[in-house]
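Both complexes shown next keep chain A, but they swap its partner, so chain B is in the first and chain C is in the second.
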Partner chain A sequence: MLKLVDSKLKRYKLLKVESLVLDCTNFSEFKFDLAMELRPDETIILNLENVNFVDSSGLGALISGLKAIGNPDHLILCGLNEQIVELLELTCLDKVFKTTKDYQAALEEVGAR
Partner chain B sequence: MTHRILVVDDSEENRLMVRYCLAADGYEVDELDSGQELLDLGEKIVNFDLILLDVMMPNLDGFETCRRLKNQKFASNIPVIFLTAETEEDSRVSGFEAGGIDYILKPFGRKELGMRVKSHLALSRKLNEVNSQNETLQANLKRGAEIQTAFLPSKSFQHPDFNIAWNYQPVEHIAGDMFGFINFDDGSLGVYLLDVCGHGTSAALVASAVCGAITTNRKLMGYEVQGKYFPRDPSEFFELLSEHFPYEKYESYFTFSYVVINSANSSITAGVAGHPPPYQINAFDVHKINVVGPILGIDLGSKWQSQTSIFNENDKIVIVSDGILELTNEHGRFEKYMNFLLSKYASCSAADLVKSLHAQINEFVDNGEIKDDLTIICIENK
Partner chain C sequence: MVELSCHLPANFKSINTLRELLKYIGEETDTKLEKYSGIELALIEIFTNIVKHSGVVADDLIDVRLRSDSRELEIKFIDTGEKFLPTILETVMPHMTTKKIELLPESGFGVPLVVSLSDSVRYERKDEKNFTTLIFVLDED
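Presenting the complex of A and B:
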């Protein structure tokens, strides 16, 4: 469920989440797919613009992803809709996950543009 | 394990032919000479592992026999193979429609009959295994739910100062949502709702572990002074709990909604950890208590808050799990109706409020799928 859109070796990977939801039905698949993409010292940009609902299982998967990556600066979430932003604020994880409005801003952050 | 095959054919010659074909494979073969006799067997049919059914029979043909047989629940799993000389496709299709799973064209060879029978017996065995495993799983889940329920407050829980009502609806038998009431020696009542991420078995196990810890390790929620037990501030409680249950422990986070209410000094102190705050209903309005805090288990550096406000006679607190607020239908999220509904039920008893809210939820979902545990707790200051 992760499409590799763009990447630069040892710098970043831009992955688009292809599913409409990230929830109890597919969080395991997401965790697994994300784990496959991780490389040391590479920043992962996750484009969630297609995703319109994340539940607690989905959030758990994102947290697991963050833990697997280790350095919170190496994960950027972008394209977040209102529901996801609210969820991050409710759980105070908006202070933990790096987020940008869209993938272009994220690419700028990693110096790709 | 010997398989028992039943052959139903009005012709003795044909029945002997089948017997001869299957003899070498070690099956026990039984015979009947009409469809009616097959139906007359009733539930004894489950003694057989497979039925070979001739189509062309007088009075009751094979298809009609099969149709009537399959109408009975106890016969639904037994495989029926038709023996037919009929080469017309339409006719064979009728066989499948009648509930048969295969057909063999006459005249058939010994090997062909043997292979088909073997193949269908294997399939049937697998299906029965799966059904049986599923039944065991369901029974285990039900049992798990009974045990988990033992952690929850008894239905007769009472407090002299408060009317208490709740509705607890796990999406599977066992739940990631749990809740509890704690009595303190200063007359306070602690009410908490715990929501582990996800639902199902793993969430239920984590929820039970946390509930168990809160109940047995009294130092988490309160502290003792001269033998009396007093409530901690919610923010303190959350810090301790978070230390005890870091994310790495179960690869799981959980959220908490917690209030400590005291009738004598008309106060309510509320704290949340990653969970929507409770609603407070007082004489003038309905509002969400203004408090926020991070989920438990992740060390975020940011701390938990608590909020103390007035809790008068007849005021109510309503705690709902996030599964309820997140319910969505074509009109949007259920959350946006909460203020309106709680205003409507403001003067109901706690029990009626819970009942009405639950009814509204069912109406909102309207046969749609409920994907999360739903819990409603209402406390009214008497």
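Presenting the complex of A and C:
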């Protein structure tokens, strides 16, 4: 359910979630797929523009990914719709996850070339 | 006033049907329920909670009843699972800290989210069944 979009960047990896939802039906698959993509000292930009719904299981999977990465500066969520933004705000995780409007803004955030 | 009821199998495959029920009742009451994104999340969180934690098995049926006019939406879940603790609705949102991400909880958000997103949540145990009722007050257009 994760697609590697850009493999040419050094020290950054853009992954796009291809599913329309991240919830109780597929959070385990997401966790596994993300774990397979992690590399030491590499920043993940996770594009969620296809995702129109995240529930608490999906949220837990995102937290799990962040913990596996180990550094909140090395995971950037982009392309979040209103529902996901609201979910992060309700759970105060908007203070934990780095987020940008879109992929280009994420690249600017990290100064990637 | 529009009322719908449906017996759904207690598994995650029923979630899409839940969405369809919500969409249908919105159409029948001419209410743009999609602008209330929290309703969908609360509905799914309660259903998921019943499936995961009440002890029901996949073939058990959960009675879902929706009732709405343009001002209020009531959604009731009736299941035959184990009794929930009375304090369940007092569960607080897990505490987040930015300093030690390794300590971040990965679960426990469901019920606090439902309480935050709903205008009223009620639970009672009656006749060996759990009755969970969510009420949403809808803005007048």
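Note that the second predicted complex is superposed on the first by the 108 of 113 C-alpha atoms of A that agree within 3 Å, B and C clash if a C-alpha of one lies under 4 Å from a C-alpha of the other, contacts with A are read in each partner's own complex, and residues count from 1 in each chain.
FYI, a residue touches a chain if its C-beta (ideal position, glycine included) is under 8 Å from a C-beta of that chain, and two chains touch if they have at least 3 such contacts.
Keep in mind that what you see is a predicted model, and the values were worked out from it rather than measured.
Model built by superposing both complexes on chain A: chain B and chain C clash. After overlaying the two complexes on the shared chain, residue contacts for A:82 are found with chain C alone; chain B is out of touch.
Of the two partners, chain B and chain C, it is C that touches more residues of chain A. Within the superposed three-chain model, A:60 lies in touch with chain B and with chain C [touch as defined at top].
Once the two complexes are laid over each other on the shared chain, residue contacts for A:70 go to chain C alone; chain B is not touched.
In the overlay built on the shared chain, the residue A:23 is in contact with chain B and with chain C. Residues 23-24, 53, 55-57, 59-60, 63-64, 67, 90-93, 95-96 of chain A lie at the contact with chain B in one complex and at the contact with chain C in the other. Considering their complex, residues 23-24, 27, 53, 55-57, 59-60, 63-64, 67, 89-93, 95-96 of chain A touch chain B. Contact residues of chain A toward chain C in the complex are 23-25, 53, 55-57, 59-61, 63-64, 66-67, 70-72, 82-83, 86-87, 90-93, 95-96. Here chain B touches chain A in the complex through residues 195, 197-200, 247-248, 251-253, 255, 274-276, 292-295, 298, 300-302, 322, 326, 328, 371-372, going by the rule given at the top.
Residue ranges of chain C in contact with chain A, taken from their complex: 12, 15, 37-38, 40-41, 44-45, 48, 52, 93-94, 96, 98, 101-102, 104-107, 109-110, 113, 116-117.
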